[in-house]
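For clarity, chains are labelled A, B and C in written order, and residue numbers in each chain start from 1.
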Amino acid sequence: MLRRHLMLAAPALLAAATARAEQRFPSMSMFIPAGPGGGWDGLGRAIEQVARGAGLVGTFQFENIGGAGGTVGLPRFVASKRGRGDALMVSGSIMVGSVLTNKTPVGLQNVTPVARLTEEADVIVVPASSPIQDIRGFLAAMKANPGGTSIAGGSAGGTDHIALGLVLKALGHSARQGSYVAFAGGGPAQAAILGAQVSAGMSGLSEFAEQIKAGRMRALATTGATRSDPAIPTLKESGVEVVITNWRGTFAPPGVRPEALAKLVALMQEMHALPAWAEMLKTRDWADAFMVGEAFAAFLDRDRAQTEAVLKEIGLA
Amino acid sequence: MSAWDGLALGFGHALTLSNLGWALLGCFLGTAVGVLPGIGPALTIALLLPITFQVEATGAFILFCGIFYGAMYGGSTTSILLNTPGESGSIITALEGAKMARNGRAGPALATAAIGSFVAGTIGTLGISFLGPVVVEFALKLGPAEYFSLMVLCFVTVSAVLGGSALRGLTSLAFGLLLGLVGIDLQTGQPRMTFGIPELLDGVNVVLVAVALFAVGETLFLAWRHNNQKAEVRPVGSIMMSRDDWKRSWKPWLRGSFLGFPFGVMPAGGTEMPTMLSYYAERKLVAPEHAAEFGTTGAIEGVAGPEAANNAAAAGILVPMLTLGLPTSATAAIMLSAFQSYGINPGPMLFEQQSALVWTLIASLYVANIMLVVLNLPLVGLWARILKIPQPQLYAGILVFATIGTYGISNSVIDLVLLYGIGVVAMFMRRFDFPTAPVVIGMILGPMAEQAMRQALTISQGDWGTFVTRPGSAALLVVALLALVGPRVWGAVRRG
Amino acid sequence: MHDLARADLKVGGFVLALGGLALWQAAEIPVSPLYGQVGPKAVPYGVAAVLALLGAGLVVQALRGGWSHTLEEVQDAAPTNWRALVLLGAGLLANVALIGPQGFCLAASVQFVLVAAAFGSSRMGRDAALALVLTLAVWFGFVMLLGVNIGAGLLEGSILRLLGQELP
């Protein structure tokens, strides 16, 4: 396990400068089931920054155990933190998928949902030189010949692939029929789209946003419930009943007492209400997707069902 | 803003005391982590990401770039001295470098690596400053079909390291291909060759395998035949490069640089492929009187070329990141996320919107490069003295060292078991004369070639003709054929 | 059959078995229904088959007398040093076993002492001192510079406490 505590630059300096709220936790252990530098790690660090800055939490101990979409770390969190009210794990939609694909015995049902914090919609893009002008053109092409339109995205079974599967299902095809070209990492996928090696691409909006702004890619539609960018329509508006986002949130270990869980939820609510959090969301370009309690648990069930349906069709669940 | 104005602006910012300090700290940290196998610049920068909350953007990026360049220098040092590559781009350097060190030529090997890195780093940074956008536009024209053909070309390199028997050499290659298959298949998400072990789902790390094959295997083999009476003393020899060393090094430096930079720029390129091609080229181009040194006592050309290729490629990797916002390597991806935590969105407009930052960053690459060569050359003598450590403590140290990198970050005992297990296999490979280099080459190229092939075939909807009807791909396949049979035909012609 | 050739035969058999193992694992890969032209199994089958073929080739070569007798290094090799091999193996095993529960410094130091002994060092006390200094320096370097704790145990924890710091 990788425990981190940065001494190189003392974070306490900054913390002292801002207004302090009442301390809720003297210390909190933050478990990241992924390596440093990724999206989950980024969210965990952002929580640390805001919660410590406001004095809600004294110190954070980070622990990173990466591997296999979080399924290597998850069982360790469940085993080592069981019943502890001062531990959080960052996770999200990627893990909903990886638990299903890797068929691991320990899943998100073994941890306690605390709060959903951020989300990011996928965007469907085509190269600037593409004959496809808008989402209608794209849907028509997909409906006529799903295999003829090659679509670049992240690894198979990930959010991009599931989003494509949902679109295909909505068009009356099977999720397995698309010509999905998986790339390792955003760079090679973007390069393939910019160079018009593929017909279209799907990935998180922030990954493509700058290419869209620069006019090198044409955005056709986003996959959120509402518009992520006022200029880009959603799939729903275009008559395709597909809503899928890459969401991230926090979870507590299994077996936490109800009052301990309530305290963690309250911490998330307090942090979410801080102006510093709003500021953080703005700098990072994260969409606010705050949701706690029953609503979050119900959302989690829906998300799992939707993901599982696609994964089953593409032979991964 | 022209490149000259940009550079003037950039140097103005980069040469302030605090920014020089960040560059120095970066170079130091980078060298330190570059030396450690398994801990690379990407991970180091990821670990240091939280400083983006405290340090202003320019300083942080100068630090990161120093780490990136420093790791490239550090990676070669242990490759040469201890046969323990610190980074995947330094694996090929170990082939000739470690042999030179064993034969009392550690000093010249380290020096040619350091100076070659400087030459290549400078050429690469000049490339970033003046050619960046043009090269990237060209690189975007390469699709999966071309990448596949390019990897076929790189596979030709294996023929230079097969050793005494093609049968045994190819067995090594197949073993490497097998190791490369372990993990989740990118295209379909299915687990392969994992034996149901979750830790294997992300595949086996190539640096771990290289360290196991080169360092652990070697140590085990020596223990197997160890004779307590006869303590082997490794000669340290001259520290400086002789006039002849210079004469033999400068062309490989340049060839390596010009080979490496474009590979770095390619979105699916990386630092490994050009080092292989450079090694192959140097082995074929070496003057006949030195040809026998390859694979025996160690040829300086085989260190100078790949090291230069590695560093030029590392510089090239920054080009798509700075000009298009494309993260084409793990390090670039982490740096991009650092941009985001400053609210800077890296993309095609980065050069215009953040010109001061970008040019300062480029200027500090020149600075870091000079710092590194100034720091590293005087250290050559000190490093080379490591070989004077008595054998028991030296080998014990090497194993501890391999452990730090492997276990330190992943904290996975499975990784340690793999390291030692593959080390035992390597011990037997050594005894039965199976070359180890093809394992690493197969492991690096195999997965890339397979994915590129399947991506190309999905795009072409199953038409295998795509590899020969696309002109770029066809041309590369022809070059591969020429590289394979050309030297033989040329040799036959020369013999008359 | 000559001893050396018998050893070569074992190697050929091992490669053949590895090929067989790979074929079995390739067969275990689930068939993907995805619209792909080359599935996840094709290349693994190919690699496994080639490996098995090469193994068969090595077996044939071994039966014809093998290759070890042509290797100079094998001919003038010293006899197997069992003491060294056992000590070294013990060092590696000790590291694997101890690194989790006892932390990096202790595990790596035990390994260092055993490996040095394998190579003929007789001053175990000095080796142990050297190893502890070395590993502790590395450990603190990581903690201080990168904020990474590369596996802490009792030793690291108590030294930190002596310095008046909490384990990060």
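Keep this in mind: contacts are C-beta pairs under 8 Å (C-beta built on N, C-alpha and C of every residue); 3 or more make two chains touch, one makes a residue touch a chain.
Computed from a predicted model, the values in this text were never measured in an experiment.
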Chain pair with more C-beta contacts, B-C versus A-C: B-C
Most centrally placed chain - per-chain CA mean versus overall CA mean: B
CA centroid of chain A to CA centroid of chain B, Å: 32
Mean-CA-position distance for chain C and chain A (Å): 37
Whole-Å gap separating chain B and chain C, where each centre is the average of the chain's CA atoms: 22
Sequence positions of chain A contacting 2 or more other chains: 2, 4, 6, 8, 147, 156, 179-180, 314-315
Sites on chain C at which at least two other chains make contact: 30, 32, 34-35, 145-148
Shared interface positions of chain B, touching two or more other chains: 47-48, 185, 187-191, 409, 411, 458, 461
Complex interface listing, chain B residues touching chain C: 29, 32-33, 44, 47-48, 165, 167-168, 170-171, 174-175, 177-178, 181, 185, 187-193, 195, 219-220, 222-228, 231, 390-393, 395-397, 399-400, 403-404, 407-409, 411, 413, 416-417, 420, 423, 428, 431-433, 446, 450, 453-454, 457-458, 460-462
Touching residues on chain B, where the partner in the complex is chain A: 42-43, 45-51, 53-55, 139-144, 184-191, 198-199, 201-202, 267-268, 320, 324-330, 332-334, 337, 340-343, 345-350, 409-412, 451, 455, 458-459, 461
Complex interface listing, chain A residues touching chain B: 1-2, 4, 6, 8-9, 11, 13-14, 35-37, 41-42, 45, 49, 65-68, 71-72, 101-102, 104, 147-148, 150, 155-157, 161, 179-188, 190-192, 194-195, 197-198, 206, 209-211, 213-214, 216, 282-285, 314-316
Chain C - residues contacting chain A, complex: 30-35, 143-149, 152, 168
Interfacial residue positions of chain A with respect to chain C in the complex: 2-8, 61, 146-147, 156, 176-180, 313-315
